[in-house]
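Both complexes below contain chain A, partnered by chain B and then by chain C.
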Partner chain A sequence: MTINSIYILNKAGTLIYQNDFGNTEKLSHNSYIRLGSTFHSLHAIASNLSPVSGSSSGIEVIETEAFKLQCFQTHTGIKFYVIADPNHQQLEELLHGVYELYTDYVLKNPFYEIEMQIRCDLFDYKLLRLLGVRE
Partner chain B sequence: MIYNIYIFNKDGTCIYNEDWNKKKQSQNQSEDQKLLFGMLYSLKAFITSSSPKKIDDKTGFHCYKTSTYKLHYYETLSCIKFIIMSDPNVPDLRDDLKKIYSQIFVEYVIKNPIYKPGTTVKCDTFINQLNLYLKQMPSFSS
Partner chain C sequence: MSKKYDKLGNDVFNKVEKINSELFTLTYGALVTQLIKDYEDIEQVNIKLEQMGYNIGIRLIEEFLAKSGIGRCSDFIETAEVIAKVGFKMFLGINAHVGDWDADRKEFHLTIEDNPLIDFVELPEQYKHKLYYSNILCGVIRGALEMVQMKVKCTFVKCTLSDDTTSEIKVVLEEVLSDMIPVGYD
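Take a look at the complex of A and B:
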């Protein structure tokens, strides 16, 4: 069960963290930023298009023939989304795990400025370990 | 529970739209149709570029889900797009969309001699058959 990439967007839709795993093809840094903000707007439009009255969340899962995208939005508006194998079952738990690591190793880091790019070695390290255990 | 169906032709015009079990009255139908088409267009571009493997443009995208609805998508080789919105617990409906295309749309719309390709569908037999087909599905009103 491979995990291909993880993206984290802040509440304005800016990409603050992205990483690829396995043999995923690398894109340019600008493309990642563009993909992140595209997802942010798709997420917002999808919640607008809801046929049911009352508020709807944005996109939670996208299923395609080559991958599955699972998104988790926190109450503070930060979006975590992961691209993985289409048959992966535990993506929701995984995203909660990533959120936990984010609160512990990014938000509690005194040098981290909120809403900015995440450059914390400890977070990278713990994230790899989390994925290593799950794979 | 199935909420609605949309059929778009290859230019992005909505040629058929019907609602069932609807809980929200939309202010502007045509605005919604355009928003949906535009959203799916960008969604497909997004999927093609974020996919780890090579992905087919037409059959690549299957469905997406939010907390209140699920959107099922099927596109034919002639670029006609069939979209059904249902509640999030309904299993994959792409086989049904395929059947709606091959057994109902082709039979009663494409083979209809007075239907002009690409225009709004107003054929009564198509509408009746479509309603008949959807209403016998177990997930239609449950």
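Take a look at the complex of A and C:
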């Protein structure tokens, strides 16, 4: 089952990582950034629109006929989201796996500046391995 | 509540990768002595250690959350238990105890047993009650909690290296940064 793209947004909603897999159509660099911030805003709006009292988790899944988007927000406010085949069942586990890779191979790299763009080859490599195992 | 976290702490500890503790202890020792040489002023060394800890804490919290799978704590009492039973166990392999709560439940003391950082350390007389050798731990706690929207102040109140009977860190909750809590957070 195909995974199309993975996005990571920092606390402020800025895109810090994006990667496409398989034969996903490429967009321009700016489009990815725009998509990221749009999702961040929609997520914030959605969580405020909850019809029941108390706070809502915001957007967790978007399902369409062509794709499925699954989002995971950490306690610190980082958002991980993946776009995949609509029939994919294990996206939640996948995102948790990505989170663990992020803590190991991004945050433990002393030269990675927190909140900034992720440019870590080891992370890319491990991410591919993670996806490879699951596909 | 405490029992539950004891178990979780052990489970996570068994899962994470281990390193030789002597390498860790010696590296930290080299770091502290180098800081003393560089700064000469012991107060500066304490501050630097705390800042280094802070920088570690703001990164470490993510690993802590990812690998322990812990949810948001309902109150500061729970936070204290989680730090003591899960946090210290996971990263240092040791147990810490929470005690001495104040009336408002905003201040507690964390007693650390078998701190691996001080395994071979004998503090020279002139540094006793001045140098907080493990002050990096205070910074780690402060950094980690800040990332989950709690502003705290941590200080060493007792240290076995300065001939006290126990090692204790005082943690004071100054403020919950509620406007920093991510929207849509359940």
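In this section, the second predicted complex is superposed on the first by the 135 of 135 C-alpha atoms of A that agree within 3 Å, B and C clash if a C-alpha of one lies under 4 Å from a C-alpha of the other, contacts with A are read in each partner's own complex, and residues count from 1 in each chain.
The working rule: a contact is a pair of C-beta atoms (placed from the backbone, for glycine too) under 8 Å apart; a residue touches a chain by one contact, two chains touch by 3 or more.
Please read all numbers here as calculations on a predicted model, not as lab measurements.
Engineer: Just chain B (first), just chain C (second), both, or neither: which does A:Leu49 touch?
Structural biologist: First partner only, chain B.
Engineer: Who does A:Tyr102 touch here: chain B (first), chain C (second), both, or neither?
Structural biologist: In the superposition, A:Tyr102 touches chain C alone.
Engineer: Tell me which partner A:Asn4 touches in the superposition: chain B (first), chain C (second), both or neither.
Structural biologist: First partner only.
Engineer: On the A-aligned overlay, A:Leu27 touches which partner chain: chain B = first, chain C = second, or both, or neither?
Structural biologist: The first partner, chain B, only.
Engineer: Identify the partner contact of A:Ile114: answer first if only chain B is touched, second if only chain C is, both if each is, neither if none is.
Structural biologist: In the superposition, A:Ile114 contacts chain C only.
Engineer: Should A:Thr74 be classified as contacting the first partner (chain B), the second (chain C), both, or neither?
Structural biologist: The answer is second: A:Thr74 touches chain C but not chain B.
Engineer: Using the superposition on chain A described above, determine whether A:Gly58 touches chain B (first), chain C (second), both, or neither.
Structural biologist: A:Gly58 contacts both chain B and chain C.
Engineer: So which one touches more of the residues on chain A, chain B or chain C?
Structural biologist: For chain A, the partner with the higher number of touched residues is B.
Engineer: Can you list the residues of chain A that meet both chain B and chain C?
Structural biologist: Shared contact residues on chain A: 46-48, 56-59.
Engineer: Using the touch definition up top, name the residues of chain A that touch chain B in the complex.
Structural biologist: Within the complex, chain A contacts chain B at residues 4-5, 22, 24-25, 27, 31, 35, 38-39, 41-42, 45-54, 56-67, 69, 83.
Engineer: Can you list the residues on chain C that touch chain A in the complex?
Structural biologist: By the definition above, chain C touches chain A via 58-63, 65-67, 71-72, 147-148, 180-186.
Engineer: Write out the stretch or stretches of chain B touching chain A in their complex.
Structural biologist: The touching residues are 3-4, 19, 22-24, 32, 35-36, 39, 42-43, 45-47, 49-56, 59-69, 71, 85, 87.
Engineer: Can you tell me which positions in chain A touch chain C when the two form their complex?
Structural biologist: Going through chain A, the ones touching chain C are 11, 43-44, 46-48, 55-59, 73-78, 96, 99-100, 102-104, 107-108, 114.
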